[in-house]
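Handing you this structure, nothing more for now.
Order of writing sets the chain letters: A, B, C and D. Residues in each chain are counted from 1.
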Amino acid sequence: MDLKEAVRQYVKHGCHLSIGGFTINRNPMAAVYEIIRQKIKDIHLYAHSNGQGVDELVGAGCISCLEIAYGGSGKFASTCIRFKKAVQEKKIKIEDYSNYQMSLRFLAGSMGIAFLPTRSSLGSDIINRWGFSREFRQENPRLPDQKLIVMENPFENWCDTKKIVLVPAIIPDVTIIHVQKADVRGNCRIEGLTFADVEQAKAAKNLIVTCEEVVDENYLKSDPDRNQIPFLHASAVIHIPHGAYPCACYGYYDYDPIFLKDYAKAAGDDIQYHKYIQESILNNSTHDDFLDYIGKDRLKLIAADKDYGYAKNLVR
Amino acid sequence: MGYTLKEMMAIAAAREIQNSDVVFCGTGISMLAAMAAKNINAPESTIFFETGAIDSKLEDLPLAVSDSRIMYQASSNGGLLDSFAFMQNRFTGKHVVGILGAAQIDIYGNLNSTVIGDYNAPDVRFSGSGGACDVASFVSKTIIFMKLEKRKFKLKLDYLTSPGYLDGPDGREKAGLPEGGPYRVITDMGVMGFDGDSKKMFLKGYYPGISSGKILENMEFNIDISRAEKMDAPTPGELTLLREKCDPQGLIL
Amino acid sequence: MDLKEAVRQYVKHGCHLSIGGFTINRNPMAAVYEIIRQKIKDIHLYAHSNGQGVDELVGAGCISCLEIAYGGSGKFASTCIRFKKAVQEKKIKIEDYSNYQMSLRFLAGSMGIAFLPTRSSLGSDIINRWGFSREFRQENPRLPDQKLIVMENPFENWCDTKKIVLVPAIIPDVTIIHVQKADVRGNCRIEGLTFADVEQAKAAKNLIVTCEEVVDENYLKSDPDRNQIPFLHASAVIHIPHGAYPCACYGYYDYDPIFLKDYAKAAGDDIQYHKYIQESILNNSTHDDFLDYIGKDRLKLIAADKDYGYAKNLVR
Amino acid sequence: MGYTLKEMMAIAAAREIQNSDVVFCGTGISMLAAMAAKNINAPESTIFFETGAIDSKLEDLPLAVSDSRIMYQASSNGGLLDSFAFMQNRFTGKHVVGILGAAQIDIYGNLNSTVIGDYNAPDVRFSGSGGACDVASFVSKTIIFMKLEKRKFKLKLDYLTSPGYLDGPDGREKAGLPEGGPYRVITDMGVMGFDGDSKKMFLKGYYPGISSGKILENMEFNIDISRAEKMDAPTPGELTLLREKCDPQGLIL
């Protein structure tokens, strides 16, 4: 199955989607661009701090609802620009949680449990203000009836705890992650930080994995301690070198500061941004074409030093 | 030796870090402050990221908390769940000093990093909590970076993203939060602390060339300035280490 | 700090203790034997399926209360023999949970949260029958007021779930684990399955780590993805080669079938068992002495084939 | 070709496994059955352990579910939390077939592996649940190994460790459990199934040389025997693979 087919089969209009990665690292960008090319709309997106992927999906008009903790791309956009614009212009509905809460919500989904508890956000507006009203929630059977629940500790002050926040599980129709190594069956090895990818992957009904390398099954089996996602979760595995570009992929390449600065500039202006989408995304029919358009020289600049996992001398 | 206000801020924050601290840091100046502490006054302190890296070596300045530079030679690379559990954990969480930024702050150190205006129809949308609300909920001490402006030091926040002392001395307890709370606010004019009894912000120190009065002019609410002292300028030694060891490419400074 | 000192400092009479490992693998046996030598009594022990370690502590009379999911040592004792005897003779108080529930309880402790939810055990006697009565729990401030709580799903049937079991967090005074590699600061690398060691370690107030090898900090830092426990959790790190013997330690040695069969035989008879304790444990003042008493030839038999992680041709 | 009852049991269980199944197995004969399925009739089935190993290669027979032999060339080595979450997960859990044993079973396939007698003053103490209660709670199908004896097939359990259908067709739903439940009971005389409507145990097949009547004699409760058929003896091919590939050292057989 190639990426076009995987996106066509699993990422439907109106579906509930989650994408892996964090701000400008290991976002599944090849898949994000393919979703934009296929003009899939009305997506309900779950993220924690996935900056670049979220901003491009929002910018291209694919997203109608967004549950998120953070929309930022590090130094390149302390608040993601198209995200900011879309919320201010009320083009998307948004529900705010914290990073831990979103991570727990994916964990709950992966565990097959309805909610998980935390002490985070007590006393804050994350509890008091709801982006999705009770009515909206009631009309939508794919949403829990409440954003979150504050509960008295039923184990009488156990752990010196009086109150607990319960956050509801997320079960996406499909999660897309980009990993360093996978085998054809779908065993995955993530190198470096896993962010919440493992929980997002295991929570979903369908999992699309894009990877830098498709490796032999025996290669992964020779070191099972390092394989975080067993094949039984995966619906599709697709080999996409530089599949996280322009985000970084630890051990393979760095983020591309030129691209991200240019993106931030274009994102600030509607006409420029539409030109960016047309020329960078729509005019290139595959990620390979997109990479050719960017140019081999740029990819050389961000190639990771093997000893460091990033481009040691990259001008940023 | 001349210095910028950004340098003063980074050094002022670094001076608050102890060797036994585990420093939670975000992007930008907070990352620089953590690196400065480690390189200048608290070499045994541990740098820690919400993305799951503990004790990163940081040969190069990261430009995001997900930057591959934080993964290089950490003591442990986990995930988000590991890092937040580390802070919610009663034994390890108490060693964590969180460094945060925000768009607005009030007198009890509550922070807004979500919206200006109505939540459901905001005038300005910011990034949102990220891990800030979690850190502010869990850990024993937070240090907050803020530019001193009237629109930022607010009588009332437009949205309370990250809990400080909420509405006063027993605010956190009433809400069900663990102990802890804001410890310092590092601004571009001076440094604030929080009163042990009232939990209200007070002026602790002002930078060379700045007056207490000027600081009050830039805040919507009044704070006690009776305890304020003039702070030491960064030493040449501090500045050299900051510039040459922490940010030689001038990415943040 | 040596093992004697670490046990003296952290494992007190009446303390709440948890030990790592699973049935006959990676139990911290050197520490277990040291606890027996120091005749520490009245321990409240938390385990999931830690067979050999639990049975020896129970057999030596160190344990007064036990919260556990499973007392067995694989084929060598489908029910641990001294454990069975102690429960039948009412020498210890016992509270039964499932393996997942005990694992969740350690996870809750490690997360700093008062409880975690699961759908396991609904309708079973794990819910209906309590080993520790409400009165006993009320008298003991170190115990939660309830064994567990069955609750209606507060998110109206979210995840097709009507009822949920909440299990309370465990916060041991001290957890002891045996790992393959640690550095002097306490960063730990477990090879092979981690069981629930990581959660047990992070839940505890104090953590004693025994290890096969003390490695250089830079060795562990060169591959941080594989280090499950950062140093900040550890109170003491002690180098004890063969520290899990007679249990297995993946990559280093197998379990010792001769020892475990002899143990099962001795455990069936009170006089034989007291003789075993005297001669094998008490007469040897350290784990090294105990290993000398067992003999180098026996250790050779169980040495792991490096390609397999266990003793490929071991006669079992 | 002669065969033992243990061999018959292992093969009878193995025949119930499909290629798409993920087989949760414990120690002893259940491990042997899983290995037999993989070597004989379901080479694509996946072997899975509660300790956290998925898709273990199993070159050598493990003597415990923590045996290092299960860690060798698995697809993934995790921990207990990973394996139980895999089973509680609605998508992956439905692929899992749990193989369990117990000290007592009742007509609804509920299991006791905890005590004989009073829980607080037991005549006999067994190992306890381990992961059995979790598996029985979560997964869509369980296969249960039991020696056929009156003291084991009980009208009423002394302790209900692992839920089967509880008290009847809507027992699991009333209790709040997910769908699923017992699928087969493999004994040393024959194999039982559970009726789709009543959820009561019925005799599905008896081994060569055994009669339905003899099976009923060894149970405290009565079951429907009208659907019972004589089962095929293990074939020479099955026996050869079982003996030579699964347990050449005769550790369990």
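For the reader, a short list of remarks on this structure follows.
Assume contacts are C-beta pairs under 8 Å (C-beta built on N, C-alpha and C of every residue); 3 or more make two chains touch, one makes a residue touch a chain.
What you are looking at is a predicted structure, and each value in this text was computed from that prediction instead of being measured.
In terms of the distance between Cα centroids, chain B is separated most widely from D. Computed centre separation for the pair chain A/chain D is 40 angstrom, with centres defined by C-alpha atoms.
A separation of 27 Å divides the Cα centre of chain A from that of chain B.
Distance between chain B and chain D, defined via averaged C-alpha coordinates, is recorded as 56 Å. Contact with two or more other chains is made by residues 112-113, 118-119, 159, 161, 164, 171, 192, 225 of chain A.
Those residues of chain D in touch with two or more other chains are numbered 53, 71, 77-78, 88, 90, 138.
Interfaces, counted as pairs of touching chains, are A-B, A-C, A-D, B-C, C-D. Touching chain A in their complex are the following residues of chain C: 112-119, 144-146, 149, 151, 153-156, 158-159, 161, 164, 166, 168-169, 171, 191-192, 225-226. Residues of chain A that touch chain B in their complex: 21-26, 48-49, 51, 68-76, 78-80, 83-84, 87-88, 90, 96-101, 103-104, 107, 118-126, 128-129, 131, 150, 159-164, 192-199, 248, 250-251, 254-255, 257, 304, 308-310, 312, 316.
By the touch criterion stated above, chain D contacts chain A in their complex at residues 22, 46, 53-55, 57, 71, 73-78, 85-93, 95, 138. By the touch criterion given at the top, residues 27-28, 50-53, 59-60, 62-72, 77-81, 84, 88, 90, 114, 119-134, 137-138, 159-163, 166, 171-172, 174-178, 249, 251-252 of chain D touch chain C in their complex. Across the complex, chain B is touched by residues 110-113, 171, 185, 187, 202, 204-205, 218, 220-222, 224-225, 227-233 of chain C.
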